[in-house]
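By letter and in written order, the chains are A, B, C, D and E; residue numbering begins at 1 in each of them.
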Amino acid sequence: MFENFIASIMTIEGAAFYVFSILTIGLFSITVMSKNVLYAMTSLAAAMVLISGFFFILGADFLGVVQLVVYVGAIMALYSFAMMFFDATKDIKEKTTSNSLVFLLGGLSALVLVLMFAAPIYSENIQALYPMHEGVGNAQDVGMVLFTKYLIPFEVAAVMLLVAMIAGIILAGKKMDESLTEDMSADDEILIIKDEK
Amino acid sequence: MENLVYVALFAPFVGSLFAALFGMSQRQIFVGVIASGLLAVSFISSLLLAINLYTTGNVIHVTMMDWINAGDISIPFGFVIDQISVTMMTVVTLVSTIVHIYAIGYMDHDKAFNRFFSYLSAFVFSMLILVMSDNFAGLFIGWEGVGVCSWLLVGFWYHKPDQTREENPSISPSWAANEAFIMNRIADLGMLVGIFILYWNTGSLQYDVVFAALPNLDDAVLVTAAIALFIGAMGKSAQFPLHTWLTDAMEGPTPVSALIHAATMVTAGVFLVIRSNPLYGMEAVAGVSFFIACLGTFVAFYAASMALVERDLKRIIAYSTLSQLGYMFAAAGLGAYWIALFHLAAHAFFKALLFLGGGNVMHAMHDELDLFKMGELRKKMRGTFIYMTIASIALAGLPPLAGFWSKDAIIETAFNEHTYVLWFMLVLTAGMTAFYSFRQVFLTFFGEDRHTALGFHPHEMYKFVLAAMSPLAVLAIITGWFMGGYKAFIYQIGEGVQYEMSEHTHHLATYLGLIVIFVAVSGIILAYFKYARTGKNAFKRNEEKEQGFFYKLLINQYYVPKIYEEYITKPYAMISEVFWTKVDLKIVDATVDNIAKFFYVSGDKTRAMQTGNLSNYLNWMAVGAVVLLVIAAISAMLV
Amino acid sequence: MLEPINVSLESLNLITLAPMLIAIAGALTILIIDLINSKLDKSLYVMLTVLVLFIDFGSVLGLNVNERGFFDVMLIDGISIISQLMIIGGSMIFIPLALTSKRFHEYSYPEFFALFLFMIAGFQFMVASDNLVLIFVGLETASLSLYTLIALHNRANSYEAAVKYFTMGALAAAFFAMGSAVVYALTGSIELYKVAEVMATRLHETGLMIAIFGSSILLLVAFSFKLSLFPFHTWAPDVYEGASAPLAGYMSVVPKIAAFVVSIRIFGMYIDLGLEWVRWTILILAVITMTLSNIMALVQDDVKRMLAYSSISHAGFIMAALALDTTEGNTSIFLYYALFMFTNLGAFTMLWISRHKKRRFNKRYDHPYEKFAGLIQIMPVGAVIMALFMLSLAGVPPFSVFWGKIYVMQAAVNSGYIWLAIVMGLNSAVAAYYYLKLIVYMFLMEPVKDVDMVYYNISKPLMAIIGLATLATVAAVFYVQPLISYLYYMISASGY
Amino acid sequence: MENMLSILVFFPAVAGLLGFVVEKESARMYGVTVAAIEFALSLWLWFSFDMSNAGMQFVEMIPLIPDFGITYYLGADGISLFIIIMTTLMTLIGMAGMSETRNVKNMIITLLFLEMTMVGVFVALDAIIFYMFWELSLVPMLYIIGAWGGPLRIYASIKFFLYTFAGSLIMLVGMLFVAYTYHDLTGVWSFAITDWYALVLPVDYQLWLFAAFFIGFAIKVPMFPFHTWIPYAHGQAPTIGSVILAAVLLKMGTYGFVRFSLPMFPDASVMAITPIAVLSLIMIIYTAMIAYAQKDMKQVIAYSSVSHMGIIMLGLFAMNAEGLSGSVFQMLSHGIVSGALFMLVGVIYDRRHTKLMSEFGGLAAVMPKYAVIFGIMLMAAVGLPLTMGFPGEFLVLLGFYKISPIMTILAGTSIILGAVYMLRLFKKSFFGPLNNEENMKLKDLNNRETWSLIPLVAIVIWLGVYPKPVLEPIDNSVKALLVFMDEKAITKEAKDMILVSKSNKGGA
Amino acid sequence: MIGLSHYLIVSAIIFSIGLVGVLRRRNLLMLFFATEVMLNAVNIAFAAISHYYNDLTGQMFAFFIIAIAASEVAVGLGILIVLFKKHGSLDLDDLANMRG
């Protein structure tokens, strides 16, 4: 067992895996535990970069790039703007739920998930439906599947992003500041019939 | 002849309805007159039927219409005119007619005069249904009908308030009415059970069918049926232990007491036993019959003993009725049905007479009934005095008046059956009867004048009333003379009712009669010396003696009403209250409410999980997910 | 180099996409119109939306049963057609509720209507596929729109509702993703028909059961959240309260139909594989859900919140039918929702028309029971209609929900789950209390305040919608037969 | 007239809807007229009823949800015919004698809807249609109690509604299971009761189903220990509500036993005889005693009503034509008598606004007509022969004697205990001196009250003297029912216990 | 050799870390971070499975998860902004107006 471990760590892939694993787990732990938003966000961004490392090890180059671009690029940028908006650079005070419960739940879920994944989940018999092709770049492979089989989800994802955009715009927009439905000072919500006419 | 049956039956009904029409209006003499007239019609019809039956011997059987038909049971309104029923009909209608006429006078001043006649006629109608019916269900109609009429009539003066038992042993008319009804209902249940037994074993309730089927039945069935029916009879005829209502029923107007609680309704029980003679005459139920005889004898003695000390005029007569009913049952129980029936008839006449006389006294004394407040009334109420004396002699059983013949026959029967204990008791009771009846006569009509001092100014009853009473007086004298003829008449029915003394008894009959006469006369003489004398020897109340054990026992009716009250009425009320407040509200209902409350409270409790705090919600979600995952893992390992 | 792929247009079966495209095109049109002229009235957008939905409805009706399209991603089977029809139908009833006599913030945004149509397209994608990716993306499209629609009501409570819904939704999405990952690891596929095939072959491999059960649980958590099953239901009352009344009514029906369709596909598959354990888990969750939310509804002081809990309870009811995994059970789900839709939307609409910003009866609640006290004296017709809705929800025959209820119970009895039918019956009895409570307030109590009317927000279109809902509630007995036979035919045709 | 029953069912409902248009002041006359027409229709039903036919008549059948076996299926036999007539009669009388002045229009409309549901229950031959009317009947009653009732009216009405509702839902599950079994055996969905009759179920199924139906019906009857809603319902309800409740609604429960439990589960019914008899006995004796402890006139009548329902229950399980016919007859008698008694209590309540017996005494002197009618009804209630109360009670006890003499004797105490509390009631209120100042000036029955009570008195006496026109059709149907049960029973015990009338032995 | 299980176990652990974050965090922004962590954990799993089965589906799924995460952030932040404008706080505990 231990020899196996030594053997695996000696390969490049193995070494990279363990390094990345330890780093991501550590960084995510900081994200989760840190009291400072900035630290949390920074560690989140770093961990995401490392996750793209996983993707590269696993041969999912395209995914790795997307991870870097979208997550580290777009999402993190959004978060940092938000952070600035909320002025949350200071340490935040949180009443944490009882830690024992949280860690018990976290531990149990980890345990069960690990047990699940430790099961002989991999099967030789499973035929790949959309196999990767030898000697073909990952991006090309991905492109081929994405624009045939997954064209519809892709388009729906586009719609979803449009929805997100519209939602983001109108929610953050100035028009939302005034509430017709609640502020008593605002114009009465009654638009008596004559207005309608 | 069939039409005559209907005339006899429905004339009182018509009278009742007619009176009822005026039930809420002012007193109208013609209402009473018409009701009496219709009863007379009924009497004449009954008499014609009796004569017809006597001459031709043809039993008339009519079926008016179907009543209840369900499943296999078929109950018609059917009437049978045989010797038994015709005897009853004649007696009932005769006494009723007289009582009706009497009541015109007696109820003269009552506001509810019309209503009274309505009830009274309705009673007669019910009684006629009872005696004429050709099946047990019809009998039961009449049985309940007379019960209701009795309730109405006993409670006729419903406006009187309740009093304590010390002030008035009967508490109030309405109380007495209810007591009578309820006691009767208890017995009626027994009767119903008897009817059920007979139905399920014979498939019918018609007398002829039932009696024809009796020999084929199990002994046990016969015995239970006999017992059940007799329980019914016990209620109506006020046999121990269901006797207390009868004396209390004296709260009703006197004509009612005369008619219902002396002459007719209370004899219905005897009638039932006589009517069911094929059942009670069977070998298998000999035990029951003997018990009936014993109970009858006991009641005869028991009631007579209470009458010895009673001071209330009407209650004394009521006790005497009870006692005489005991005689009848003794006769019927010993198998001498016709003698019982004959005594029933004779008793009806003299007892009605006695009551009506008592009514006159009461009327004269403004409803005062205490014998100790009377005395020397014979001068002011001559007619009444004569009537009551005749009736008392008849009751005491002195020849040649009616009571002697029939009562003597009963005593003779007891001797004949070798039940010497019963015989002795009956003879003793005869003496007591003579004593208390004459005690009453003497206290009322003889002795010192005690009433004037109390402000009473008695006066004699209306003439027409006295005239109306005369047939009863005559009958009280002469009925006994027709005993032989009646025997021939009733023997036509068949073996069931026939009863002959043995040779041996026949020989001794004269001596036996003499013994009875002797005892009775001794009673009278004793009463005379104690109560009738005036002057120095005049009767005085002995307060000290009234504290004696026996006196108290007797005056308190052996404490039976008290026992009933303490051990039945009060516990019943208490248990009812407990059932209601403790069981029903606190247990049954509370359970239901608590189930509802449980849901409500648990709703309130679980509501707490909805804290509104998102973090808690997320925790719930995570807890749910993790718990489910753990369960999944565990069960996967178990699979 | 890869070979170029030749795909014929026919094999794509583009018609299967038509309904969703219509909705999306409609949404885009609305956005464009807004760009051209931003001063247009909401009535225009409402009517446009109705028209788009109308065309959408027609195009769904025109679909053939059991077709796949677009590399088998699209799946048009019976349940996808009927669920789409119900989703669109429900939306068509919902959207005219914007035409109130008062002004509300959300309706002043043309984007509201665009988002609404996007949401419908999302639901349609969700139900018209057995590919977990498309289901996920459709689900998120719809959900993200829905969060926004809730927040657009623009009150403190709506933000709170949106945040709660959103956060929990994100957590559920993570569970869904994880579940899919496990399924993928187990079968190498995320297309359910393929998953079922592979999983059937792997069922008896040792040590694998934990992963199979685990995958079902992870997915169940995600859908239990959507369907508001205990203990994932906690968002529902708050969100319903925070959302505007019609949207709350809408949320209690339409998103749930979509989620039920996916649940039928996923959990039906598990149960079909012979995993009784999954069935029992769902059954128990369903029973707890209906009972617990019932007793919590008992103690509510606010009609809207009470209706929220009652909607949860109804969802639990139907979830139990799902666990039966019989054709009758699945039919009953749709029948129930078809009938429940009118009644529940009607009830929420009655709350909607009683909405008034300033005339409040209670600081905390918009629709406390007191508001409806003595309504029979103030507005008899309104009271009677509301009472009809309540009776229907309580399951008093012959009103609509009763027929759904007995069909569900019959399905339970038919599958041998008599105890379940009894539990359902007892729950209905408990539920009757809180529906009755409103009736009692309306009919048997005296008005609290001197008000001359309660329905401040009424307008002709709303009256028409209420009339429709009332008619559908009362006359249910006459259309239940065609409905059942159609649903049964469609569902059995698609093999569920 | 093929669709006579439909007309009978829906005429009041249509009239009720149209009633919304009628002006308030005229609503009462409108209601009475409609109820009178409805009553006339039900009488017409009687006249066109074929007395010699023991089966269902006036059958109507329209498939409603054929896929699910639900049919609009109506019919009447001798058992239901008279209950229908009683329903229409009591509605008419109740409405005519109603003294309510608040919101008369709403009351009239509610009553008309109630009438629809009540008639519907008794003519429905499809279980779901039956259930529909059964449940619907709760709603108007809820409103009547809740809107016009006493101080606890809301509690009482909710208790009434929820209790019966909960019970009937269990019954609904039972119905669904029967339908499922029917489908299982025949491949056809059907909720038609007549189809279900043909179903021969194994004994354990029968027992469970019997229990399910029992809960539904027993709460309605109401049987001990499910009776506690009724004192509240009666105590709080306005007079008209109590009249309808006692006269008709309670009969739904016992009718349900005749229509469902007995013919569908003959073996289970036979097995249930003892437990049900025990419960009935408790009902009879226990509630009679509670009635005795009451201080409120109306509560006495309410508890007495429960006690009498015990007799009816007992008769239903007598398993012979005598008991069963008697029981059905007793349903009618109880309906009319207790309805009348509640009306009578209402009369005094209208005058004095109290129902406490201690407030009264000596009323017979000031209100003689009232006392007379009360007395007649009271006598009918205690089962006096020649009143309507007797044949039923007599036949029930007679019939049940075949099953168990001991229990019959215990049940027979009803005639004693009934007399005890009834006479006490009468004595306390009508007899004794007239002490209370307020009672001295009481007016006797007015014309409206008199003329709404007189018909009841007439019926009580008429059917006491000559019950045949009613009893015969009932008996025919009952005999047929017993023959059917006997043929259908699978256990020997049941076959032995069910007694087919001799007149039917040769084959029905 | 590093097997599929290794990756999956890392994924499981990160997922649980994310869950712990979701449970612990009271600041909404930080809470959103935690959900990102969970989604990323799933991405690792998908990529690994994809690699070992030599099948592209997993990568597709991961790709869409990233897209979804991005949209969620946009909408989520939008909601947070309106909320912040109204409440001036992102603390969950201040956000319990509706309860019961």
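The working rule: a contact is a pair of C-beta atoms (placed from the backbone, for glycine too) under 8 Å apart; a residue touches a chain by one contact, two chains touch by 3 or more.
Bear in mind that the values here come from a model prediction, so they are computed numbers and not experimental data.
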Contacts common to chain C and chain D (chain labels): B
Pieces of the assembly without chain B, by contact: one piece
Which two chains share the largest set of C-beta contact pairs: A-E
Identifier of the chain whose CA centre is least distant from the whole-structure CA centre: D
From chain B, the most remote chain by mean C-alpha position: A
Chain centre separation (chain A, chain B; CA means) in Å: 101
CA centroid of chain A to CA centroid of chain D, Å: 69
Chain A-chain E separation of Cα centroids, rounded to whole Å: 5
Euclidean distance of C-alpha centroids - chain B vs chain D, Å: 36
Overlap residues in chain E, where contacts from two or more other chains coincide: 4, 8, 11, 15, 18-19, 22-23, 25-26, 32, 45, 53, 55, 57, 60, 64, 67-68, 71-72, 75, 78-80, 82, 93, 95, 97-100
Chain C: positions in contact with at least two other chains: 133, 137, 140, 144, 147-148, 151, 156, 163-164, 167, 171, 178, 185, 188-189, 210, 214, 237-238, 433
Overlap residues in chain A, where contacts from two or more other chains coincide: 97, 101, 105, 109, 112-113, 115-117, 121-122, 126, 128-129, 141, 149-150, 153, 157, 160, 163-164, 167, 170-171, 176
Pairwise chain contacts under the document criterion: A-B, A-C, A-E, B-C, B-D, B-E, C-D, C-E
Chain B-facing residues of chain A, complex: 97, 101, 105, 108-109, 112-113, 115-116
Touching residues (chain side chain A, partner chain E) in the complex: 4, 7-8, 11, 13-14, 17, 21, 24-25, 28-29, 31-33, 37, 40-41, 44, 47-48, 51, 54-55, 58-60, 62-63, 66-67, 70-71, 74-75, 78-79, 82-83, 85-86, 88, 92, 94-97, 99, 101-103, 105-107, 109-110, 113-114, 116-118, 121-122, 126, 128-132, 138, 141-142, 145-146, 149-150, 153, 157, 160-161, 163-165, 167-172, 176-177
Footprint of chain C on chain A - complex, ascending: 112-113, 115-117, 119-123, 125-129, 133, 136, 140-141, 144, 148-153, 156-157, 159-160, 162-164, 166-167, 170-171, 175-176, 179-182, 184, 187-193, 196
In the complex with chain C, residue positions of chain B that touch it: 596, 599-600, 602-604, 606-607, 609-610, 612, 614, 616-618, 620-625, 628-629, 631-633, 635-637, 639
Complex interface listing, chain E residues touching chain B: 19, 22-23, 25-26, 92-93, 95-100
